[in-house]
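We call the chains A, B, C and D, going by the order they appear; numbering starts again at 1 in every chain.
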């Protein structure tokens, strides 16, 4: 499917949605707390309000803002009941972060839905749990190309990069709105005026350009897709786990190692001698080794080469 | 080779002779701190050492000087420092270290008058007991007392030899008068000198014990960099060199270290005995005083008195046997010293039973031959 | 088309860098309102004169919205806890004005002591409790169903389904309250409270104050009076039911009769979404049940299916009436509904064709990335719980942001029960005598003022050997940074007396009190250790303010000098969202990088970094 | 900064393992500092045969013995003097001095300033634990104000030496400070010091937990070592938060560096030049 025909398909679908009052148009805006998901969804809601459409916009406040998953359902049409979008019925998923986009993909209408995603990766601390030598990030390994092979209409763009080129990386969301504007049938000037009213006065111009650039990008995505910047982490051979050796006779039980161990896998036993309580948890970071005043701890890290 | 090529007659100040002898003995490191009346030694070393590839350094104080000397010696280089009474006091702790850790070194003490700062430019022989007992704990030290510029030269060379051979600090006690005296010295050709280097360890590294007690009182020294990786400490240590306070280990080690000079009297002892065989009045004198005594004894003999002179050259360890035999016939022993009476106590101990007479002077003047002669006369008259 | 008046609008505050709201061109009486804003609007329109609340997600915005209306119209205040807020509203009602109290579902537990008596007393001015349930527990410790408490208290429970109804029902609730001399509960849920939709607004109706009604038998609940009042309460139920028989609050949407769906609240919208043509009885009031209408409806359809979130409340009422109805057989009793869950339920019931979907099925082979909520970058609680971990304490936690320290990576909270429970739980742990670890209760500033003071008093009174960490971040951070008596600022932002925690705690009899800045890791550790070693009750106050509220504290961002990083990832244990893996590795482990945009410059990572490789960006530039 | 990985560093290759466990108290920072030193030596590929560790008296002085190299445990305050002699006599050796705050700054203060002035190619490692630990906890020149020691029972009222400022002022051509908690940084500082041609002075903030920590109620070993972070506040961290979070103000890292002629090389070159002139003049 070519880009232009894709855009047309979305537009047609949207037209149908507006004609059939029973069917709402569904836009799911997703991202990470702090990215502006709510702001983006409000822009859409305001557009709807301007066009005197019923609109429901639903989100969850509270813990979500603390670096967690943020999503906002925006539904509009002549009549809207449910505040949330049924799975498989989102007309557009607008993802401000790559993995968040993937998380919600099942909400996308598999036939007519448009996936617009920033290729930006925000890797949470939680995805950095495997600290073993050779350990991998828990971040999704799917590339934009893989997604595009299944969802040909996917628009994966480096909005932050585009915005930075325009002179203000904070305008990334406006770039995405520009891309989104190609999938929803609202007049461009309405988008622009709403955005102009929403952003700080001194950034109106850069946001205007950001919107235009995002929109043009989506209407005519460059041949060399920025989506390629979403690449899987190169798999390194997993090395043998670290081994921790304790020379009991040297340990004086000062307890430093137990307390500094990032993995909490050491303890002082009843003889006041250090003991490893969870050998599998040891990553071989060497903090205990370094900070043992008694030289009682040794870390052995086997490299693949050594094993061969 | 002509005789003159072998031996060079030179007019030398005592302190300069000391410096030249040190260089001739193989000394290649000097660290010192200026102090009257020893400073000429440093000055001469500063000129001589660079020419033979040695190092001269003037340190921040006497403690640093002996420290640097010991450091250099541990590094395998013959090293020396020179000082005078106040500086000698400052060196005592590190001298004790050299004794305990058995590090060869030579310390020149050009003695000056008085306690404390005293009389910096006047002579005395006040440091003889300090040389023996100046450091804390039981000490083991060799002290040599030359009586002439020529002997300064020879005894300085001997000091290095003994220090290397026995791994003890050797103190050369020089009277200010001799230190500043210019005399003709027959400076031997370098190749004619007998120079002794310490024994270097050459046994397998794995089994090497730096302080082995194996009959040889003086264990070979490990040269840093040669792979022995030993530990040197002032703490009492076992044969492996590591600290111990185990009596079972400490006792034999102390016995070896403190007893090694006694067991090497043959190397260490050095004295002069003049007319002692039948001497009824035995004068025991050292250094410049011995020179006056020599003349006094000769004059006494000329006057028919049976006087003799015993002159320890190695003052410490004290040549007890030699003195005892020298004093065999003595009815009185006279000990003239340029101090308030120090060596006389040692003489009294050795010559127990024989009355000891003392002739002391602490006014910054030397004891003259006349004074000693007079005292001999007086002693003879009283008999 | 007219410009919206900024001052009277609580709608569509376009929260961007510019604080000014956008005024869309739309009819002046139609606003896009969030459910909570609509409730506040409804209260204002109903002529409410006093409103009080203790913040609690998802109810918090109600009072914040109320406070945007003129103070001459409504006295609005934060109270230290829900019971106090409820009593304030009760007092206002006694005073003859309309009063509103808002809370989350668990807040009603705290306030229920008052409610259970107030239901006997009834009202003078209208009294409405807005209680927001949290099906799915987006930010709550349980998902209890307020309708059960409504029935328990025998007060009418109104259930709006969207923002328009939230406004309307709130307004009506006051009328009902006065009409039936009863407190009335308006029950919301997260999905309603936080869903924004178009609302047609109205004008405020000034209700003349009634003045205090001197009627001790009604107003003073002593046994003798209460015995007279209980029958009144029972009679009231019937009166309300009678009212409901003809009320608009109950809406019968006629459709196919093969299936009749009884539903209410947001569940109604899902039903309409997936089963547009069915006969639906939408109950605007869940308690008491509109028995007459319900019977008629059930008689008119072949099969009755009840679609309700959480408890089978209506379903059981129907069973009690002898009506054959199904509900929880198809729809879960746990969690929040969604169109697909409701669709699935109808499929299961055979009402809709198609097979039941396993909604957990991941498509496209995507494993959703775990992105749990974490403490903010720069959160002072991080050090607090690092210290608890280091000291190997048995920690009884409490309700607040810091509850996040219970999970990886801090994992330093052993128990968390309810608001203010931590100290009492710690006392019990100490009294049990089985614990070998030091026992520490951790409690936030507002939680302490909410319900932590009596248990601290108890700890002193009963000589428990515990340590209390008072995490005074000077705001109610979890709910978005509200004020409380410890901040010295009112709901309307006016200065007021500020509780002196040290003085307060000392007056309770605590001898060992130390206030310390938890950003100073070393000093904080020591203060905690000293406190733990102290025999008896000791209190350590962490006085570092919240990094986000009321003002965002932002220092120079930090960065990792990768050359020096040894990938020990000790800093990752902070759980700071600004820290993530970089591209370089050390011995196979990822080195760390700082997201400069997220970093607040708190330097906690600097302080725990054993390689000293984290430095301020600015200083780096100077080097 | 070095990013060399650690895995090929086996510290036991550098230790006299038969002397272990060592005599230092539980939690003593000296062992950590020693590890960092050996790590740096390892990274620089310095042969233990060519290394000489000279240490003074005190707890710091005892650390050298545990290293399998040429070790000298000399008199109190004098390791710099010994090392000066050793290095001058044996320029081929890498000479490192391990000393303590009392050893280096009090009894050995004179030697320190002159060693700094001369700029002989030595590395002086001063383990600063703020106390005379070996003798039971007396006040030292670096004991912080108001700290209790056995000789300051009412708290220390004496002014305190900043060893690094002292060394820098005296002319040390590389001066640095680090805490033991930051072992890799300490290692890197040691590397810089060892690689430096000239006199390098490294102050290590090392905890005395059993004596000083106990006396001053500074917490257990872990707390003390974590508190080291509070004691360092490089200027660059200033104003990071609205109020300072560290009471101390010790800077860390390389604090002074200047390139001056190294004493030994300069001595030899100077002499060679002068002698050449003298010989020429003589002809």
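The rule is short, and it goes like this: a residue touches a chain if its C-beta (ideal position, glycine included) is under 8 Å from a C-beta of that chain, and two chains touch if they have at least 3 such contacts.
What you see is a predicted model; the values in this text were computed from it and never measured.
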Worksheet, complete the sentence: One chain's C-alpha mean falls closest to the whole-protein C-alpha mean, and that chain is D
Worksheet entry | Comparison of C-D and A-C by number of C-beta pairs in contact, larger one | A-C
Worksheet item: Whole-Å distance, chain A centre to chain B centre, using C-alpha means?
Response: 86
Discussion item. Averaging over Cα atoms per chain, report the distance between chain C and chain D in Å.
Written reply: 57
Worksheet item: Quick one: chain B and chain C, Cα centre-to-centre, how many Å?
Response: 94
Worksheet item: So how far apart, in whole Å, are chain A and chain C when each is placed at the average of its C-alpha atoms?
Response: 27
Fill in: Touching two or more other chains - residue numbers and ranges from chain D
6-7, 181, 183-184, 220, 222, 226
Response to the item:
Touching at least 2 other chains, the residues of chain C are 390, 566, 587, 610
Discussion item. Touching at least two other chains at once: which residues of chain B meet that condition?
Written reply: none
Discussion item. Following the definition at the start, I'd like every touching pair of chains, please.
Written reply: A-C, A-D, B-D, C-D
Worksheet item: Mind pulling up the chain D residues that touch chain A in the complex?
Response: 6-7, 10-12, 15, 20-22, 24-32, 35-36, 180-181, 183-184, 209, 220-222, 225-226
Fill in: chain C residues within the chain D interface of the complex
390, 517, 519-523, 525-526, 529-530, 553, 555-556, 561-564, 566, 586-587, 601-603, 606-613, 615-616, 618-620, 622-623
Worksheet, complete the sentence: Seen from chain D, its contact residues with chain C in the complex are 1-3, 5-7, 178, 181-185, 188, 217-220, 222-223, 226-231, 234-237, 239-243, 245-247, 252-253
Practice prompt. Sort out for me which residues of chain A touch chain D in the complex.
Written response: 247, 249-256, 258-260, 286, 290-296, 298, 301, 303
Worksheet entry | chain B residues touching chain D - in the complex, by the definition given at the top | 28-29, 31, 50-51, 55, 57, 59-61, 63-77, 79, 93-94, 97, 224-235, 242-243
